[in-house]
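Okay, handing you the structure first.
A, B, C and D are the chain letters, set down in written order, and residue numbers restart from 1 in every chain.
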Amino acid sequence: MSIWIGKDTRLVVQGITGRDGSFHTRQTMEAGTNVVAGVTPGKGGQLFDGKVPVFNTVAEAVQATGANCSVIYVPPAAAAGAMQEASDGGIPLVVCVTEGVPVLDMTTVMPYLAERGTRLIGPNCPGLITPGEAKVGIIPASICKPGRVGLVSRSGTLTYEVVHHLTASGFGQSTCVGIGGDPIVGTNFIDVLRAFQDDPKTEAIVMIGEIGGTAEQEAAEFVLSYLRKPVVGFVAGQTAPKGRRMGHAGAIISGSSGTADEKFAAFESAGIGIMRRPVDVVELLKARLK
Amino acid sequence: MNLHEYQARALLKAAGVPVPDGDVAATPSEAEAIARRVGGTVVVKAQVHAGGRGKAGGVKLARGPAEARECASQILGMTIKGLVVNKVLVVPAADIATESYVGLILDRKTQKPVFMVSDAGGIDIEEVAAKTPEKITRLPIDPRYGLLPHQALQLALALYKDWSQAKAAMQILRQLYGVFMANGCTLAEINPLVTTPEGKVLALDAKMTIDDNELDRRPDLAVLRDESSEEQSEVTARRANLTFIKLDGNVGCVVNGAGLAMATMDLVKYYGGEPANFLDIGGSSNPEKVVSALKIITADPNVKVILFNIFGGITRTDDVANGIVAATKQFKVDVPIVIRLTGTNEQEAFRILESVGMTAMNDMDAAVSKAVKLAGEAA
Amino acid sequence: MNLHEYQARALLKAAGVPVPDGDVAATPSEAEAIARRVGGTVVVKAQVHAGGRGKAGGVKLARGPAEARECASQILGMTIKGLVVNKVLVVPAADIATESYVGLILDRKTQKPVFMVSDAGGIDIEEVAAKTPEKITRLPIDPRYGLLPHQALQLALALYKDWSQAKAAMQILRQLYGVFMANGCTLAEINPLVTTPEGKVLALDAKMTIDDNELDRRPDLAVLRDESSEEQSEVTARRANLTFIKLDGNVGCVVNGAGLAMATMDLVKYYGGEPANFLDIGGSSNPEKVVSALKIITADPNVKVILFNIFGGITRTDDVANGIVAATKQFKVDVPIVIRLTGTNEQEAFRILESVGMTAMNDMDAAVSKAVKLAGEAA
Amino acid sequence: MSIWIGKDTRLVVQGITGRDGSFHTRQTMEAGTNVVAGVTPGKGGQLFDGKVPVFNTVAEAVQATGANCSVIYVPPAAAAGAMQEASDGGIPLVVCVTEGVPVLDMTTVMPYLAERGTRLIGPNCPGLITPGEAKVGIIPASICKPGRVGLVSRSGTLTYEVVHHLTASGFGQSTCVGIGGDPIVGTNFIDVLRAFQDDPKTEAIVMIGEIGGTAEQEAAEFVLSYLRKPVVGFVAGQTAPKGRRMGHAGAIISGSSGTADEKFAAFESAGIGIMRRPVDVVELLKARLK
């Protein structure tokens, strides 16, 4: 494995019998991921697609299958409870794909998970993939290939666009992580950057930010002080108006802060290669990775 | 979702926060009646989701009911930053000794609600924040414990030296925190929080933003949305489950995913064009959504070209292709459509489009630059 | 403070917990009216703070209103474990398929409320707890987060295999937790929580204890205290701010501090006597408290001797001496008084007592053994 | 200092201007304790007894005076807030004398203090004293004298009774700690026993328990496994009836558990010297301390 998921990942899917959960579970299994269990309260004892045992609770699933990673596809109002359940059930890595989780819910979910040492990715994120080993979430495996570029992003399809360019130009990926577009997310750029720095398989890093907040600026400072690997970056939303939520709950420029210009400037002063367009990732990496 | 001042005020009042008498009016005669009831000089304030109401002439002083009626008739129907004023708030003009600022904001970094208070309140608070940030006391609140008494005290003492005013402020801070938490706010502020010459503490103006993600589980909050104050195209889009924001350019954009949608707009700009909108059709889209999206975009007379940029992951590109075909059968699209599709089921999508004589492209940059070129030719 | 079943039931019902129809009655005709209204066979249950009501004849089945009246007239006024029954609860007799136990208890060790649930509920739950503790699922709840959905689910699944019953139980567990927290409980239990043959889940009996320390700030809870069901001497003591518990012995004890009061009772027993009471006059006592204490103790005809054991720290022993003198002036004390005083202002205290011809001692063991000896001689 | 308080203690009194607070502050100062500050909201700027500066908040008091220990005499409804304020203000040792604190308040106070590394003694406790150095709380200094016996107790005046016997028979005390009679207390027997074991000045330990709960039983187990110093113990409430609260909120026998017999039996099997009467402490210690 590169970072966080790989061949040893034993995945439990919370909300496996739902519309999104069942669709993505199949995709995940096709990508070679070891899906060991599903959870849907009231459906314990069933078999999903005749293969994956379904449990009423995460605790039961963990006990029966040794699951060590969870992905969540439950409705927004149940998402906070699902994250807490996974954490309380002893899952060290929880990925919440669910979009639309009320942000105040997250203010108590975060300390609950912190007390239990659980890493959360998301909510409202596409999850992560270590090409050729495992995928947890919804990033299409077909556009990825194993390699040496680590990617971290606040976005979904924009990530695919960049991965698509990487793969097409021969740059495989160590792990691609979509951290999600909400104002409060469990794992931020810095967490992923640190993991990539410490991961021997990752030789260069692509960071895809967007408007809103200061996560990219803090990440840039961290790059300057800690990272010894080349980093290139993009920020979506250069043309976004102020005060409007651009789809993602977190993508909103408040007052004069959180603009793309501000973030690009921070990237520049941290020595991060600036992608003006998604496609620029290729030339920038070529120049940095011999 | 932003609340109007009168709505925020009502939530605060229900929680016990002292606010001036007064009420909201939709007509000049309602405004007159309110002014008569409260007596004396009143302020007539435009209820609109835009800053700088005062400078735009949306806030007027009226000496008595007749003047209030007159002011209301001037303000109602006026347009401030593109938004029509449908309601005014009529409140007694207060004598003001001091103006403070009290705000509670959902903070990304601490992942908590954070209080910001300053005894230098009023309309210049943003300038205070920018130039003399040390005049603002910031305090994150752990929602597991709530606003603790010593925290309320610390904030209140930052506002007032007088002990009875500090006690009044502690109570107001607790109530504001309660309103914030109970209503799923991401922002709740009182500005100014004033003291009167007699020493009374009063919330003179309030602003509140409710997390859109709360609305599904909170129908009581969802009804506070004032669609009459929004762009009608955005209202239509929301009802079709599309995320749409109208802009001033001429390249209509239809994209799946918020990040890619923003990046598409950016690329339009990069190639010298101007996007007409942000539009995200979402992940698991279906043909009907594409039809709705096209309807909304073609309703904008500024639009000279429509650009589809679809990266099929969960989204099936054949669904999108079918949506485009269905829309063009339902109504006539007068402007050229540039289509970029890649990913899931793209061969099927290309086939569908070709069957009706349309063509699609595979590359984002090529599609965007073509759309910009077509828009330039049409303009 | 223990609540009566009908009070606990009312709190649960207000929170939405399904309870059987029925009501509380203070007279046989009220019981009859309730039985008529609910129809069918009813259960008439004594409302008294004592376990084992059933075995004591405090719970009776009545076939119709007339029988209900008859049962109520038998139960009302009866004495169970020394307590008079003033009220009965009249509820329809339920058909029962299963009996479970659901309790929430303030746990000292985890310093949290702890749920205890078992599908082996009913009157034998204490035996279950003692003999087959593995049949009880225990789960501490962190009040900072409340009862989380997965915790309610885990507990509900420990009670019921049937999914619709488990969902009903989840809801009841949440409501019970809400009642516990909202009312400052140290214990709240439903036993039995039954299922009917049709599969409905119903709370058949409830028990609740409210933390006495909540009552000062919660007048709404304080009014739930039923003083008519308590020892009148204890009611009088509480009103005088004394902590008093009546016992069966003949050595009346007046002590400052709860620990020393217990140790004094223990020492009475050690020297062969029997304490007539626990009485703590508290820390910062004053002479009036001592007068009240003497009044309460002398009202007990069993008391043959009164033993004061005061260790002056905060308590000023001269205050106590003044109180003793004042009391003996106000009313005649027929039994001997043995006084042990030591600590703050003890010389002054000795002087005060000697001035009225009383003597005091300095040593606890000597005083207690003397009191026991005097009680023995008087008996 | 012996344990926790001594000559270095810089005490702030929360509720210093109240009836109890002012009385005990004077006693505390007379006992030689370094009282550096008081706190009463709304009375900041005053001087208590012309000597001790009063502040509106603990944070101000700590900043101005370097207070490192707090004692609380505020009314019960304000006690939880006062403990949290002291902890948040950076005080490492907080002693809450206030009686009648609602126990549910304590369920959130405890994790709040734990997160900040604050030790709480009480609530509803007499506090502690290191004779000749400092007293924090209400244990009368007059009955104590410096020495080598450590004492820990759930009670107030009963403690004084025992201390009185110790002092009268020549046994001075290292530190006396009253942990309080409530069901939830910040510091339990085991915490104090461990500190006494680790304190070179303490040579023997007296433990005074009472009915209710299982704190004494757990302490006995701890004595057996950890303590290498002689321990003698008493349990008040041998004659208490079941199900009645004997003054202290924690002193209540529930069902068949929490009885004095049960606790004495636990003491016995841990080799703790059994005091049948308070006065027995003297002979038991004489036999164990040469």
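Throughout what follows, a contact is a pair of C-beta atoms (placed from the backbone, for glycine too) under 8 Å apart; a residue touches a chain by one contact, two chains touch by 3 or more.
Small disclaimer: the values here were computed from a predicted structure and weren't measured.
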So which has more C-beta pairs touching, A-B or A-C? A-B
In whole angstrom, what separates the CA-based centres of subunit B and subunit D? 55
Please work out the Cα centroid separation of subunit A and subunit B, and write it as a whole number of Å. 28
Subunit A and subunit D, separation of their C-alpha mean positions in angstrom: 50
Which positions in subunit D touch two or more other chains at once? 108
So which bits of subunit C are touching at least two other chains? 144-145
Graph of touching chains, which shape: line, ring, star, complete, other? other
When you check every pair of chains, which ones turn out to touch? A-B, A-C, B-C, B-D, C-D
Mind pulling up the subunit A residues that touch subunit B in the complex? 20, 23-24, 76-77, 99-104, 106-108, 110-111, 126, 138-140, 142-143, 153-161, 164, 181, 183-184, 208, 210-211, 213-215, 218, 234, 236-241, 244-251, 255, 260, 276-279
Which bits of subunit B are touching subunit C when the two form their complex? 144-145
Interface with subunit A, subunit C side, in the complex: residues 144-145, 148-151, 153-154, 157, 163, 166-167
Which of the residues in subunit A come into contact with subunit C in the complex? 41-42, 56-59, 78, 81-82, 84-85, 88-89, 108, 112
Quick one: which bits of subunit B touch subunit A in the complex? Just the residue numbers, please. 106, 108-109, 111-113, 126, 142-144, 181, 184, 186, 211-214, 216-217, 243, 245, 247, 255-263, 265-270, 275, 278, 280, 283-284, 311, 313-315, 342-344, 364-365
